[in-house]
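Labels run A, B, C and D following the written order; every chain starts at residue 1.
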Amino acid sequence: MNFFGEKWTFTSFGESHGKAIGGVLDGVPAGLHINLDLVRSEILRRSGKQAVGTSPRAKNEADEVEWLSGVMDGVTLGTPIAFIIRNTDIRPEDYEWMKNHYRPGHADYTYQVKYGIRDWRGGGRASARETASRVVAGAIAKQQLEKQGITIQAQVIQVGLETRSECFESLLAATQKAGDSIGGIVQCIITGVKAGIGEPIFDKLQSHLAAAMLSINGCKGFEYGTGFDMSKHGSDLYAHSEIPCPSSGGIEGGITNGLPISFRCAFKPASSITQCYNGRHDACIALRALPIVEAMASLVIINFLQTDNN
Amino acid sequence: MNFFGEKWTFTSFGESHGKAIGGVLDGVPAGLHINLDLVRSEILRRSGKQAVGTSPRAKNEADEVEWLSGVMDGVTLGTPIAFIIRNTDIRPEDYEWMKNHYRPGHADYTYQVKYGIRDWRGGGRASARETASRVVAGAIAKQQLEKQGITIQAQVIQVGLETRSECFESLLAATQKAGDSIGGIVQCIITGVKAGIGEPIFDKLQSHLAAAMLSINGCKGFEYGTGFDMSKHGSDLYAHSEIPCPSSGGIEGGITNGLPISFRCAFKPASSITQCYNGRHDACIALRALPIVEAMASLVIINFLQTDNN
Amino acid sequence: MNFFGEKWTFTSFGESHGKAIGGVLDGVPAGLHINLDLVRSEILRRSGKQAVGTSPRAKNEADEVEWLSGVMDGVTLGTPIAFIIRNTDIRPEDYEWMKNHYRPGHADYTYQVKYGIRDWRGGGRASARETASRVVAGAIAKQQLEKQGITIQAQVIQVGLETRSECFESLLAATQKAGDSIGGIVQCIITGVKAGIGEPIFDKLQSHLAAAMLSINGCKGFEYGTGFDMSKHGSDLYAHSEIPCPSSGGIEGGITNGLPISFRCAFKPASSITQCYNGRHDACIALRALPIVEAMASLVIINFLQTDNN
Amino acid sequence: MNFFGEKWTFTSFGESHGKAIGGVLDGVPAGLHINLDLVRSEILRRSGKQAVGTSPRAKNEADEVEWLSGVMDGVTLGTPIAFIIRNTDIRPEDYEWMKNHYRPGHADYTYQVKYGIRDWRGGGRASARETASRVVAGAIAKQQLEKQGITIQAQVIQVGLETRSECFESLLAATQKAGDSIGGIVQCIITGVKAGIGEPIFDKLQSHLAAAMLSINGCKGFEYGTGFDMSKHGSDLYAHSEIPCPSSGGIEGGITNGLPISFRCAFKPASSITQCYNGRHDACIALRALPIVEAMASLVIINFLQTDNN
């Protein structure tokens, strides 16, 4: 289904080449001031207008947000905040061939099997364009978190096999020139969350963060703390008896321990490559994923804070 | 909160050293035959009685399941299936010191901060003993999946830095002898799930699998398909235009593509090490995690199948 | 919160005098044909353009539905169906006085206390205008039910103390002329639902119907079967041993028994009366409630059918 | 499904003549003192041991609650509170005939159609015995509400057509002697809930109260405030411009206005009558419904308070 979160519940809708995409953010307390410029700047970050390795369509998307409800004079009413972003720069002629064609690494085939029908125009609902709605909702959450002293910051720490950031740009340029794509790893650090936030058993904070990250197009893995690094023994990690534990990634037993929360997400090489198809493609989707990772992390954290304030 | 799943809803309860742990499995259709022996064998697998590197308490746990409701003459009634496992082998004297002590790498500190109170006896609710209830619920799901031709099988593919399984036993024995612990990676393969199962956007199959796995004690990472491996370009993965895509891990756009579903989970070295505390400790929790990984995967899959049958 | 239903999940948004009201209907299966004319005719019924005793604003509302997503060429995609209705005929000058005034029998006071802020323009979110979105969603559900042979029909069976329908019109005209308002009782009959639909215990069909009806503005009571009629003994009702039981209202133990489902809702006299305020008021809200009652009943029934088809 | 409530989530399980009934109450904050004697006294009220017109089985039920988890030394841990009540006084021989027989006015037929199987022993899951679990959970909620100055009190205000309480006892005695049954109306008054509690639109307080009441066995109607009384005009109710409105029943726009909350529930004549069957039957189920009505009302109110404290 298309909603996320138990307290700040976000419902997303819209196809890539339909009339509009948009969302409804419910459960936002009344009386919060919304800074629409901050929302716009997150949308701009996602569009990647300045970045190397971003698809030209993304750069052209105007992405004007129309606010329909829930906010009066810039202040939340406690009622659902609905917004839409009209789909403009639509070029169905670029996608006509997709009508009877499944692209490898895309959801074309699985949507067709599941639904027996699909909006083939540019990937329809499965297009990464849907994430623009998430960025709007997340930006509202993020600015409320910032008022509470919580920062959420994602960065690309690896592109392909390259881990030194000064090498990223040339690698990306070469990849794009070759009409190819490449994977990347995003790290996200959250500071300012006090100890005691999260739920034990099934609703552990890491479970919700992982689910949120793996819901982003192209994300193939999530790890926090020691993650997949198997080079340490228990004696390396716990023998110094530090409370809270530095290797924890900020979460123990599903609950924050007051240290910064730190996790990493793996993004696969973009499925659309110019070697196969004409069109407008990203060389490395990890780049544009940054505001989306931050948006989803913001929604996760604000939901847990809401719950734990009881 | 303590429930899992939207259709087959599992509610777990109980502290490690309270009267009992147990669970309620609701939403199970009427008329299913339950094989209690298969449930027992899964419980036995989790107890690790035969395994190297398992804590002696686990081996002594009788873990007799008492079925309270929902089943009549071995057939489900469509009503909630409730069961309990009494806590026997309880030795509070082993844990008395924990009353005023937080163990590193455990949830003692975070529970205390969150709740202001905790059942300190053996970790209370945060103890891995809670997973015995999950294994019971998962075993019911798993046997129904098997009737539909679906198999779910987990295995340890890495212990520490060692990836050749013939070396695991000696490494584990040495680790246990040293009173130390070590991490491991579990791979789980699910076969027989037809294409078209899953949900797009926020409830992608991989999101639910990741959340389920990261809810298991000690799990620090989840990946599927290409995961964290950054050695490939898009041209390696998609240029052959195979539908469905072999590097997908069986899921595209959140929905199964008919290939086997394959994912991996990282487990950290156990936090309790004999170097620090007396007591009964596992050298490598990845080993005992196998039936738990399978149980949680079974619950995820059966919930999606239920939803998609509409 | 602002969503309704577990399978066909309807999220409603919008203030009476904001930019738009609207909704998102998620969980609708793919491949259904939507008849937009039937949706329009339900909207028209709610506006009460032909009826005696309806507020002039209602008659002027254009209520053009703009469909944003989820439908392509009149066929559902299985993705969220989002729609908006722009608020036109807005006359804030009629409502300026409400800014610092609470109307008796309205939600002005309670919203102010709950949120500390409210959209005072025409009742904002609490306005009955919100129900137009429900009628759109319900009309989609209703037409799918009709394809399955299920009919849902509401009628006014009592106005004030008058139970003979031929007397309603003159009573309503007199009430409106006096600038007064009057209560009414609506009966709804649902035919064609097979036996076995519903859930026992907390999610009984009557529980969901009651919750749905009492969520309609002005509804103060719900009854089914024998309801509040206390004139019968058990020997009157059950001694003939009919299975299913004719006095049941079509539901026994929370589950349909195959007889027509029959329930009644009480609507209070409208709170806005011309004796107190200028403006545009309904004499009897039970009249315009008919398509809303049917819409909500349709959403309840289709949700239970979805669940029970598993 | 078998759970109730979003914050204090209560899961109920058990068949009338199975091993046990019971429940799990999750979401209860840590650190609350539980008075087990108060729970016992509610259980005793429900058993109706002193009352005229109660079935002998009810009087014999020992109903000893065994607490399994979530409470340590009488204080809640913040973890799920699980409890069971063993089914004793079981006489399957009284019910053997039910195996192939549907009783009129009962759920025997509808359960059989829905599930294709049923626990025929004494009504199984559909038996009113299930409500004992609700009374336990509700008693925990009720005592926490009382600490906040909130009282919840139900009383029978009508038996058959009789509204003067001094006449109830003789009417009940005569009904029971005749082997017959009779309906009744229960009124419940809740005091001490501050203004601003509830949710607008679909989760109005009255919607949740109605759903809760109609989930009680034998309840056929719910009304609050003016309810089904159609004798008043708007000019009678609102012309005095009182804020909040006295005819409101304590709720306006789905949200409390600070006046006492007042509602009424209609209970049908018990379906089991001695004229038809041997066995142990209630003459008027409204009597024993009082603690159940209070229990369910307590769960509704505490859930809304939890939500609104955000």
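Operating definition for what follows: a residue touches a chain if its C-beta (ideal position, glycine included) is under 8 Å from a C-beta of that chain, and two chains touch if they have at least 3 such contacts.
Quantities reported herein were computed from a predicted structural model and do not represent experimental measurements.
Under the touch definition stated at the top, chain A and chain D share these contacting partners: B, C. Centroid distances built from C-alpha atoms place A farthest away from chain D.
One rotation lays the C-alpha atoms of chain A on chain B, and its angle is 180 degrees to the nearest 5.
Between chain C and chain D, the centres computed from C-alpha atoms are 27 Å apart. Centroids built from CA atoms put chain C at 38 Å from chain A.
Counting partners per residue, chain B has 1-3, 12, 79, 114, 125, 200 as the residues that reach two or more other chains.
Residues of chain B touching chain D in their complex: 1-3, 9, 11-15, 18-22, 24, 26-27, 30-31, 66-70, 72, 75, 77-82, 84, 114-119, 124-125.
Residues 1-4, 12, 102, 104-107, 109-111, 113-114, 125-126, 130, 158-161, 175, 178, 180-185, 195-204, 206-208, 210-215, 220-228, 230-235, 237-245, 247-249, 251-258, 266, 268-271, 273, 275-276, 308 of chain A touch chain B in their complex.
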